[in-house]
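Several structures are given next for inspection.
Two complexes follow with chain A in common, the first pairing it with chain B and the second with chain C.
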Partner chain A sequence: MDTQLILFNGFNGLIVGAFYVLMALGLSLILNLSGVINFAHGGFLAVGGYLAYTLTPYIGFWPSLLVAPTLTAILGVVIERTMVRRLYGRDPLYSLLLTFGLAFIFEDMTRAIWGAQGVPFAPPEYLSQPISLDLFFVTYYRLFMMAVVFIAVLALFMFLRYTRIGVRIRAGTLDLETVSALGVNVRALRTLNFAVGIFLAGLAGVLAGGNLSLEPTMGANVLMPSFVAIIVGGVGSLPGTLVGGLLIGVAAGLTSVWFPSASEAVIYVIMAVVLLVRPRGLMGEEGVMT
Partner chain B sequence: MVQSGNRGIIRRRRVLQVGAGIGALQFASPFIIQARGEQSVKIGMIDPLTGAYAAVARSEVEGAKLALDQVNAKGGILGRKVELLVEDSANDVGIGVQKARKLIEGSGANFIFGDVNSAIALAVAQVTAEKKVLHIVTGGHSDAVTGTDCHWNVFRVCNSTVMDGNAIAGVLMSKFGKKWYFLTPDYAYGHSVQAALVKQLEAAGGKWQGSLTPIGTPDYSALLIKAKAYKPDVIVNVMGGGDQVNSIKQYVQFGLAKQIPMGGTLFEYESVAALPDDARSGWWTYEWYWNQPKTPHVADFVAEVKKRTNQVATARHWFGYVGVHTVALVSNQEKTLEAPKLAKALEGFKLPPEVALTPNPAIYRAGDHQLMSDVFVGQAHPKKAGGDPNDFFEVTDVVPGEKAAGPVAGCVLKYPA
Partner chain C sequence: MSTLVADGLHTYYGKSHILHGVSLEVAEGKITTLLGRNGAGKTTTLRSLVGLTPSREGKVTIFGRDTTRWPTFRVAALGVGYVPEGRKIFPNLTVDDNLKVPLQRPGPWTAARVYELFPRLAERKENRGRQLSGGEQEMLSIGRALLLNPKLLILDEPSQGLAPLIVREVFRVVARMRDEGISVLLVEQNVRMSLEISDQVYVLDDGKVVHSGSAAELAADEERVRAMAGASAEEWTLPE
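Up next is the complex of A and B:
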């Protein structure tokens, strides 16, 4: 029985970790290229979820899955153009403070628009059931979430590897000044990159709305594990973020077999150990962060 | 993130500046509902308007505002207008205590209300006792408030966890059995309610396992895997707010709802409303429920809340409403605002039916200052075809407060000399 419990929880941890990966990749993209630690990422996530909740009765769940993150990304572009952009190149503390404040504003805006009370949001019924009685924790919805994460991650890596803009983003991550000197429009590049990151947050929000409580504070609870995923995986490395997210998901899942009350603390313990033994993170490059 | 030179270095001084700035925000001026000159009577209300309990806290404030308007329309307290000064505790003990001091010392509040969070309520009670201000705990449930940490000046409207636990324990045992699995939040409230339920269960010869869960855990799959492995007769879910919504949503999606029943103490209206229709199930307690066709005055209260907020009246609206009427009634009866006299007068004070809004009388018990009010026990259900779309709950038993609470436990009231 115990072996089964451990296997179940390990597998389940992968599912949970996949969700953190989606959040963390968006954060990581923005951090890598623009040096902005986006504390408002959880706020964008909530906005994505709420937009899907509002749109679903009119256009259905499936179109909402694309439309809501797109609208969230547009909101992200507006905020990047009007506020975040002014702080590029300055002390990172400025943008951290800005996004920290934005996170509060987002939380209260969602509260003002949709109410402090959570709202009921459910995926289509055929997704909301387990695939088998034994593997009851694997619902079609969670499989679907994993598929979406897989597609999103694959698309992102292809985009960064094989498209001209993607290559520029990666180059910019390594040396933005040289990229700029070569005639690349860095401002547009950063805006686009920000939009992609926020799109991922919005997508995570729609997915989270299906099995978490859709309420104004929902972003805060998933934001910190996502930061931990980035640090564990190594700042500057997207594959590292992927590994970091899965790792903390599995660790939290396995811990709750024996010490459920420590399931939250364990991810920070992992982060502390990684920082002590390998400060650049599991797959990070030496000296990338100043 | 490549930065040349020292642009990327965060300086210590700047961190301190930022910290000081954020700290200063906590002292922004209160939101004054009604300002009517120097002579008004002031009720200071501290509740977590932001954070995880924002929805229930806001309902308490709305209920208090409704009662405030009714009291002022009838001449206020001692002929003076009444003001409600609302402060956000931000779900933080330190901030709650600061706000209490600010309301009493700075604004001269005559009464203090709050907080939803029991830990804050307990900390604020120390301030109000020291300052000799009458304190109504509207919505913090830990037993200690009217138990081991009771104070002469503190009265509580909402139930203690023992009251809720005692009211539901027998139902869960007789309906499902005596092998329970607990999902419990890992803080004062959760420990308190689990202990109350375990006491009943063990006295009846039952057995249990459980998971203490950090507040704000988004994913419950690991715990539900463990719960299923234990093969319990019932999963007892005493999580609160969004955590309870998350855990129930996942319990239903995993198909466990068809295999293992669920129940527990509180399942607040604000939380049930946040669930998809098919996830509304299980056996729970309500501290007040809006659908009481046979109880006089309830329909008026429900209509008034609906008119003002466009929401269904919940237990939280009722807590705020009862709190304001309590201090107005007792002050006008005693013709004073002195806390020790009012506290004495409130011992054994019976709420009139238009305030109590419950089938049985509601009385502040002299021994521990806990309001003895009915506990509504029953089953949550999806919307019924043709029924009221706001009706998610069928009340099967109304347990009188005295019966649910049992004798006074742990409280010794010491009045100032």
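Up next is the complex of A and C:
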């Protein structure tokens, strides 16, 4: 088995894992504060990617990298304010049904607007070069992608750790009622938190579009692994989500070296093992979701 | 003028009817105490007043405004500090972060002043909420509510489960809040000590107000105090 193949697949796994992380962190934020399992999260990813595709000819790649996720987040705010909010505090089944329906709508809307065929979305030419001939799979774009994901995750963690709003979001994760009794507008807090989560999905969409190509179904493909990342890492723990996402990405990548056909199944095997050994997930705290 | 007026509150948990027309008033700059057995509806009354469990009938007026249908955060933002039953500090946050949660209304209370009032908390700034003792948690819960710079402070059984020495300290702080011009609505099981610092008293039973009057008057009625204190002392020995 040659090392280059292992490195190639391991690196691919890391890239894929980074996408899972961006997706899963957004899902986690929304689940933790609002108790909503957002099945439409993949739809937002696709919207982000396609918006960047449409915007790039006009404003260029670099501005699109920020503008497309921002527009996606604004769409998220509209949907939260008009639909999702009404279901807070009810049986989770309601919001599950709503977001499940939204996921279909998103997929069909992207298909109607941009076509069922995948569209190529190329990052700037100079980013597509490999850094060396031996490591042909390590392109500047992929390194750049890793850097963006790293910065986004770091920014998110700093925001939650050091800003007053971030502290309130962490407090609300465990006891939103008391946060509200302390005078904090919890409606606005939930909307903002939703927007941050959707922004991350939109960003993942732009990055993913530049890595592969854009397809209406691209969101659905990363949604399930992202849920797995949350469960493996431990529901309620954002650092856990980070670890879970990278772990299953790399595991799937490496599995494809030896058993390509098992590379999709392996993440569920990992989930099953983690749940058997440690039901709350790798870094989850006991009783968070009770 | 009254800081808070509740008029004929009827509150339900699902189908069970908990409050049957509770009316009470909190006078400005005074300590008003709500006494009563476990399950008399004291906590439900407070929850109805701050909008956590809105009443189905009746009216709540705070600082002259009808807040009956307001969401809790708007009531709080009006200047109502709430120290909930069981303290409800955020266990995953440090003491310092716990104090960053409340809305910052303008006023004399800052984190620095809270640490001055409770030096014990200053020593434990970086500890997480779950690592604090019951007394420290109570101080944090009170300090957190003070950062809102409330004009009305509502406390739900602040002495619950605390050692006698700490209980005395908590009551001292509550009395001091009145001296600072904050109106106080207190729910307590510790009858004797709360009568000592209170101005006005309401006794609640089965979701109804069964007695109201001045604290001094009730405190003078030794037989009644002994009956009420005895009842709560008995409940204290029950396993949780």
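Throughout what follows, the second predicted complex is superposed on the first by the 278 of 290 C-alpha atoms of A that agree within 3 Å, B and C clash if a C-alpha of one lies under 4 Å from a C-alpha of the other, contacts with A are read in each partner's own complex, and residues count from 1 in each chain.
Note that in this section a residue touches a chain if its C-beta (ideal position, glycine included) is under 8 Å from a C-beta of that chain, and two chains touch if they have at least 3 such contacts.
Since the structure is predicted, the reported quantities are computational estimates derived from the model, not experimental observations.
With both complexes brought onto chain A, simultaneous placement of chain B and chain C is permitted, the two fitting side by side without a clash. Contacts of A:V167 after superposition: chain C is touched, whereas chain B is not reached. In the superposed pair of complexes, A:G183 makes contact with chain C only, with no contact to chain B. Taking the C-alpha centre of chain A as the apex, the lines running to the C-alpha centres of chain B and chain C meet at 140 degrees, rounded to a multiple of 10.
Of the two partners chain B and chain C, more chain A residues are in touch with B. Contacts of A:D175 after superposition: both chain B and chain C are touched.
Judged by the touch definition given at the top, the superposed model places A:V119 against chain B, while chain C stays out of reach.
Superposition on chain A places chain B within reach of chain C only down to 11 Å, the least C-alpha distance between them. Overlap of the chain B and chain C interfaces on chain A comprises residues 173-175, 177.
If you check the complex, the residues on chain C that touch chain A are 50, 52, 71-73, 76-77, 82, 84, 88, 90-93, 97-98, 100-103, 105, 144-145, 148. Note for the complex: chain A touches chain B at residues 1, 4-5, 8-9, 12-13, 15-16, 31-32, 34-35, 89-93, 97, 104, 107-108, 111, 115-122, 125, 128-130, 133, 136-137, 139, 141, 173-177, 208, 211-218, 220-222, 235-236, 252-253, 256-257, 260-261, 263-265, 288-290. Only residues 164, 167-168, 170-171, 173-175, 177-187, 285 of chain A touch chain C when the two sit together in their complex. Against chain A, in their complex, chain B makes its touches with residues 1-4, 7-11, 14-15, 18, 50-52, 54-55, 57-58, 186, 211-214, 216-219, 221-226, 228-229, 242-243, 245-246, 249-250, 252-256, 270-271, 273-279, 311.
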